[in-house]
Structure formats: structure tokens, C-alpha cells
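Below is one structure, written out as C-alpha cells; the observations come after it.
Chain lettering (A, B and C) follows the sequence in which the chains are written, and residue indices restart at 1 in each chain.
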Amino acid sequence: MLADLVHLSVTGLLIGSLLALGAVGLSLTFGVARFANVAHPDFMMLGAYATFALNVLAGWPFGLAAVAGVGLALLVGVPIARVAYDKLPVTSTVQLLIISIGVSFVLRHLVLLLFGSELFQYAVPLQRAKVFGPVRLTPNQMATILTALVLALALHLLLSRTKLGRILRAMADNPVLCQIAGVDVERARIAMWVIAVLSAAVGGVLLGLNLVIQPNMGWDLIIPIFASAILGGIGNPYGALGGAAVIGLAQEWSTLVIPSVYKEAVAFTVMALCLLFRPRGIWGAK
Amino acid sequence: MRLDRRRFLTTAGVGGTALLAGNLGFPRAAVAQGSGPIRIGTLSPLTGAGSVYGTILANTYRIVADDINTQGGIGGRPIQLLVEDGQTNPDAAVRAAKKLIEVDRVNVLLGTWSSAVTLAVAPLTAAAKIPHFNVSSSSAVTTFQDDDFLYRTYTSQVLVSSIYTTAAQKLGFKSAALVLLNNPYGITLGDTFAERFQKAGGKITGRVVYNPNQASYRSEVQEALAGKPDVIVFGGYTADGILVFKEWFQLGLGGTWMGPGFAFNQQFIQGIGREAAEGIIVVEAVPTLGSPALAHLTKLYRAAYKTDPEFFAAMAYDHMLVVSLAALSAKSGDGTAIRDNIRKVSNPPGKTVGTWAEAAPLVQKGEAINYEGASGSCDFDAAGDVYTDFGIHRIKSGKWVLEQTIKAAEIKAA
Amino acid sequence: MTEYLIALATLIGIQTLLALGLNLHYGITGLVNFGHVAFYAIGAYSSAILSVTLGWPPVAGLLVGVCLAIAASLLIGTATLRLREDYFAILTLGFSELVRLFLTNARGLTRGVLGISDIPRLASIGGVPSSHLYLLLVVATVAAAYAICEVLTRSPLGRTLRAVRDDDVAAASLGKDVLAFRLTALAVGAAIAAVAGTLSAHYISYVSPDQFTPEITFYAWMAMIIGRPGSMRGALLGTAILYTVLEGTRFAKDVAPGLGAPQVAAIRQVVIGLGLIVLTVWFRRVGARRAV
């Protein structure tokens, strides 16, 4: 029983790490650009496919392909986000919300067009788990958790210690005032999209490493990723890390009491409860 | 509103022109007269959950039809393929089927994948009196009242489960865990296997159903293997199989895996590595290995797509060959005539054949043939289902090695 | 050919019901409902379960479906209507996925992924189902739904709400009535979607969970946006245009070979996405204004 709990917790944290890499960027853009970018998880998929193309199709070693793949995802993803969300003449956040649905459709099916519907994997050998008492983790899984922590820490430092971070936080608080105060809003927004796509693409690379690469790999995680971001408090990217851990753990622990096929419902339930009772997130007590 | 109206008119114009062109290209009279192309509609899913397999089906239909056409077609009549996307969605598939039947006037319809789509389209093909070949696995496909127009090359999972039970007994397994994909094939296999295995004195130690797009399979695998079963019966496909197997391997848990050949194929062995695949038990139809049909398909498939054909490609090859030979035997493109000749060319008695080059001259001379396919023997019973000899294979150094055979008669009896 | 056009018209009719309901939610009331397919699924499964498993007459399935959809919409509505519109959108999307998850896994009730087959066809003449008659039934239903939507839109509160739709504060100042109206709109739209589900189940005669993916919702959004949100006539026309174009691509691909069928299928969806983006920008008056 205790071993079960430990095992489920480890799995939950592993999933939480993958969700976190999607949720931090979502939370940032949700806070600063003030709309729910439904296509955000699809940026994860971009990172996975870019890495796959370089690793398997071009034959590069995985590490190099992963770094270049994230770069490639930035080259594709940031311009798309800029055009679709910053340049189009829209008057309301609902328009942006609907546009993001369109972006998601386009991204997923362009990838389907280019790569087909086959399920892909990177060219990396299968690993055996290292056993630490009841905990079993492969080196890749440990790398996944570590990356999520490092990236969240880097983002935290960026937001709290740098000028860019201050500007982004100010934009989240009051965009009009920022403009009046002479802040270069355009540049800040570019930086915001770079951070968002970067973290998502890294998450996508790791998602592909832990699972399988397919066009809907991001879209399928939309509810747990949104749940993580909302739980962590919108505009609070490091809160999203905690939110993702809670969602990951809640999903896995739930299998002790309900059939595991229903664990996807747990993310939704947690999100709904959070929105109803703590709309500012579990950390954003006020 | 002006804009809307203009858009609407343009659209209607384009659609109308297309309709007209579609009809003019192949006047209806030509089909009725028994000359002109044999029109074969395909309705495999090209988008949605089934697209992985539907695309393989569609790609194979294309190369096999081309192959037959370059050899002079069906008694001089070329095969014309009309490809629609079933979208893994019964609503969309019904519309596409209506288009194929009503507008394109296809002579046969091939390739529905999910049981949902097959069962939604079957009433239409039966009413239109055209043969309909599918790869679905639900037992409802067997019992459907179709006036003998519905055929499948996929062995019903009800049958497969009795083969698995026999295999488990022959190998001396006393307890089993089930790892099943949440679709009609996985669920039916799991339910019927559990029932039979327990009746035969075996013990089911765990049963886990997984969804194809989960974020992790760790807890599922752990849960399934908690009871330390002798054998892990797998009911899924290659891609999700790799994922589940990876979790099992990484966790370093025990037990022997047993599953279908279309899941534990070369792609699977490559995906997980030879070392990890060692000792897996593969239960698969016997004639597929080394059959002339599979050899010919492999040649065609490698030339076109640079890889070896999958199980779904083998079934697509068989569909195309069986309906083409039946049409040749019937000397007609009429759906009912094709239906009446299906068993003549596919079932014994007759000379065993596996390729068009071999079979077509015999059929034209009026000799009896027994088509033995790439996916199985293609001997259809009264319900349009197939029975085939199955083999128990073990993966050794990345290859299937046949250990024992389970005869079709043995399966029917069980 | 005639049979095909009748099938297309029947489909358009059923989908129009979804667009009408969604228009009531979003076009009139400003509720960003991304989970409309849930109500459609509830209607379809109620009919399937009652008529096949229990052998009840189709009307029973229709009524139960409508009641369940209304109950579900009111539950979501009272719990979440005060939320920001983007939260409401995500919650409804999640709700529709939850419904699908339930349909996939509650095997005792829904037969899970196996789906429910042999749902009786309606509108038979002498025991033989008539597609003409069924189309007539669908058209009559659309006409009735259209009338209900128009009445609601033209009601005094509906008019006021449309007038102040672009201004949340002004709408809020109308107080309690607004919440009541929004709930009414939500319930009526959900009920119409449930009716559409019933009509679809008895037409296809088969239901399975993979028929009810979020794509259905977004097609309805696309149809509504083509016809301009807020216009009920637009919802009718928008659905007709959308599905004529979608079906038209089948023929376009037959006369323009060179592309494989999987590619055409993918391009279709890309075009849907681009269309959604372009039209959303084109019709600027989508949604409430908010400082960006």
C-alpha cells in the first residue's frame, strides 16, 4: 500500500513535470496577453516534431536534435503567435480565443499533412529504471523532472530579477499604464512569446521522449494543462509549476479509489472546483 | 449579408460544376453494359483516431489496384478507385458512403475500420446490394443482417480469444493479466478471453483498460501486474503497444507477453529493440508467413513505400484481390454477381493461388481456384467471417519463430 | 444522386440546430460555450439507451434527452455563469470531454466504445424508413427551433441584452434579470442541441463516443461565425455554406487528382482553421469589448 502510494506519487510528479512545462508559458501569456491561448499545447507538439525531424529523418544525435528542434519550434511558433495574436485587428479577447482555436486546427493538421498520422518515436534506446527502494525511474524520466524544475526556476528568476520580468509583470497588472509609461510593449510581447513557445517546445520534446509523437499530443493534454495554469493562478508561471504537480498527483492518487480510465476527469474536477472557490489559484490567497 | 450571399453562390457553383464533372467522366450506361472501369470505393479513415491504420489501407488499395491495372485490369476493365475519408466518425462516413454509392455508383466498397463506422455503413451497402469488406472486430459485425454483402478479413475477436486461450493452455500458463486498448477490439478480446480462460481453469489476476492518448501508462502497467501473472495478454496495436511495453520494460517487471502479430510486428520489435522483444509470444495466422500473396505484396509495398507491409496492408491486398477475382469470375461489375462469386474464388476447392498473375488466367479459363491471402486463408463462412490456422510464435533475435500450430478446425470446435 | 442530396440536406438540418442553439448562447447572450457537443451527445445517447436498451418509444428518448440537457446546462450555468468568459470557455470544453469520457467508460449504461447499434429509424412509410420523410421531420424541427430562437431574441430582454451585449457593465447594471435570461438562453440552446442529438441517433441508427469530439462544437462555431453571430438567419445560412463547402471538397478532389486522399483530408481541416481565423477578424463585432 505504501509502496503503491510512493509509486503513484513518483508517476504523478513525472506527469506534473510534463504538464508544468506546458502550463508555465500558458500562464504567462494568459496573464500578459489576457486571453486563453487554446493553441498553446500545440506549441509542445511543434517542439516534438521538429526534434523528431532532425533526430530521425536527418539522423542527428538526440541531444543536438532536441536543442535545434526547440530552436526550430521558436522559428515557426513565435511568428505564428505574433501574427495571429498580436497583429490581427481584433477588438476583444473572445476574438483572440476563437482565433486560437483556428490556430490549433491549422497547426495540428499542417503537421498531419507534412508527417502523416503515423505515431513516431525518437531514435533513442530503451532504458531500464534505476531502483531506489520503491521508486523506479529511468534516466530520461529523471531528466524530465529536473528540466521542469530548472526551467521553472529560470523563469522565476527572469520574472523577479530582470527588467524584462518587471515589465511583463507590469503589463499583466495594467497594460494601459505600461503604454503610457513609455514601455516598449511590442518588444516585451515578443519576449513573452519567445518564453512561452520555448518552454512549451522543451516540454514537447520531453513529452515525445516519454510518450509517443503524434499530431494531437498537445491538444490531448489541454484540460490538465489549463487546470495546472488556473490552479497556479493565472499570470503566475511558477505557481503553475505547483499547480501541475497537484494535478499530476491528484490524477495518479485518484486511481486508488476510482477506475484509472476516469483519471482524466480529475483534472477537470480540480479545475472546476478551483475556479468556483479560489479563482485566483490555490497560491494566490487574498 | 451581401458578402454571405456572394460566397454562397460561388460555393454552390463550384460544387455544382464538380458534381457535373464527376458524373460526365463516367456515364452510367458504360457501367451497366459491362464495359468501362470496375468502380471500387474505399472508405478507410484518413483522419481521426483510425487514421494510422486507414492510411495504410488506402495506400495499399492504391498500389494493388495499379498492379492489377498494369496487368490488363479485370478482364480488360480497369479498376477505378474512388477514395473517401471515413474520418473515424459514423456521421461523416455515412455521408461519404452515400456519395460513393449514389453519386459514384461504386460496384464494391472496401476498408471501413472502426466497428462504429462499419455498422453505420453496412445498412447502406446491403440496401444498394454491393459487397462491403471491412477490418472491424466487433461481434456485432458477424450477426448483422446483411444479405451476405458484408465480409471481413479480420478474425472476430470472439474467435481470437479462444485461440489465445488454447495457446495459453498449450504453453502451460495458469494465470493471466489483460492489458487492453479501450476500443471494441480490445474490449471484446478481453471480455471473451477472460470468460474462456477462467472456464478452462485459468486465473485472471488483473485487467487494465487504457485510452490511446494518455499522458502516462505507468500506473496502468503496475496495476495490471500486481498479481504477478504468468502471461500478459495484450489487446492493442503497435504504437500504443510500444508505449505500454516500454513502461513495463523500464519498470523491470516480470511475466511473458502474448499478443497479435499485427501489434508485435517488425516495427514493434524495432521500436523497443531486439533485446527487449526476446521471448514475446506472437499469436498470428499461419499462412501469412511465406505465402506467395505476402511475398508479392511485400515487393509492391517496398517499391512504393520503402517499408515492409503491416497486417492492415495485408488485409487491404486480400480485399482487392478477392473482389477483383470475384468480378473476373462473374464477368460483371454488378454487386450481386460479385457477391455470388466471392466464395467461388476464395474458398476451397480449387488450385491454391495468391497473386493476380497466377489467379487471373485460371479464372478466365473457368478453373476453380482457392485464394490464399496475405492476411490469412480468406475462406469466408456463411456470416462472411474468416477462419484460419493460427500459429504460436516466439520472438527470437528479432524474428518470429513458429513453435506450434492451432488448426482452424480446432478453433471452431472450441 | 437525389439520395445523396437528401442525406446532405438532412445533415445540414441537424447541424443547423447546433448552430442555432450556439447562436443563442454566444450570438445573443455572449456566453463562450466551447462544449456544445455535450448537449448533442446527451440527446443522442438518451434516445439510443431508451429506445434500444429499454425499448421505449422515440418520444420518451427525446423528452429525457431534452430534460437531461437542460439540467446539465443549468448546473453549469448557475455554477459558472459569473466567471470570466475565457474561464467559461475552458470549463465548457472540459465538460464536453468529461461527458465523452463517461460515455466511453460507463460500459453498463452506454456499452462504452462498442457503441449502441440498431437504433430504430423513424419516419417509415409502410414499415420502410423513408429518407424523404425524415428530411421533412428535420426541416420541421429546424423551423420550430428557428421560431423559438427568434421569439427569444426579440423578447424585450433579448433585445436589450443584444443592445448592451458589447458592454458588460451596462449588462450587469440590468441586474438579476440578466442572469435569468442567460440561464434561459443556455437551457433553450442546450435543449435544441439535445433534439439534434436525438434526430442524429435515429438517422444514423448508431451512436458511439467518438462521434462527439470537440470538433463538432467548433464546426458549429464556424457555421455561426460565417452567418454572423447574433443573426438566426445567418446560423441557417452559415451551416448550409459550411457543409456545402466541406462536402464540395469531396468532389473537388475527384476532379483535381494529384493529391492523395489523406492530404486532402488534412488540407480540409487546415482550411477550416484558417477560415475561423479570417472570419473572426472580418466580423469585428464578435463578442464583448474589453480593454486589451
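The rule we apply is simple: a contact is a pair of C-beta atoms (placed from the backbone, for glycine too) under 8 Å apart; a residue touches a chain by one contact, two chains touch by 3 or more.
Note that this is a predicted model, so its numbers are computed, not measured.
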{"item": "Result of counting contacting C-beta pairs for A-B and A-C, higher pair", "value": "A-C"}
{"item": "Of all other chains, the one whose Cα centre sits farthest from chain C", "value": "B"}
{"item": "Mean-CA-position distance for chain C and chain A (Å)", "value": "30"}
{"item": "Inter-centroid spacing, chain B versus chain A (mean Cα positions, whole Å)", "value": "37"}
{"item": "Shared-contact residues (touching 2 or more other chains) in chain B", "value": "46-47, 51, 55, 182, 211"}
{"item": "Shared interface positions of chain A, touching two or more other chains", "value": "112, 116-117, 261, 264"}
{"item": "Shared interface positions of chain C, touching two or more other chains", "value": "104-105, 262, 266, 269"}
{"item": "Complex contacts: residues of chain B adjacent to chain C", "value": "1, 4, 7-8, 11-12, 14-15, 18-19, 21-23, 25, 46-49, 51, 55, 58, 82-85, 87-91, 94-96, 98-99, 101-104, 114-116, 119-120, 123, 138, 140, 182-184, 187-188, 211"}
{"item": "Residues of chain A defined as touching chain B within the complex", "value": "4, 7-8, 11, 14-15, 18-19, 112, 116-119, 121, 125-129, 131, 136, 138, 141, 210-212, 214, 216-217, 220-221, 224, 252, 255, 260-261, 264"}
{"item": "Complex interface listing, chain C residues touching chain B", "value": "1-4, 7-8, 11, 104-105, 107, 112-115, 117, 200, 204-206, 208, 210-211, 213, 226-228, 234, 237-238, 240-241, 244-245, 247-248, 250-252, 254-255, 260-262, 264-266, 269"}
{"item": "Touching residues (chain side chain B, partner chain A) in the complex", "value": "46-47, 51-52, 55, 182, 208-211, 213-216, 218-220, 222-223, 239-240, 242-243, 246, 249-252, 271-273, 276"}
{"item": "Residues of chain A defined as touching chain C within the complex", "value": "30, 34-36, 38, 84, 88-99, 101-110, 112-113, 116-117, 175-176, 222-223, 226-227, 230, 259, 261-262, 264-265, 267-268, 271-272, 275-276, 279"}
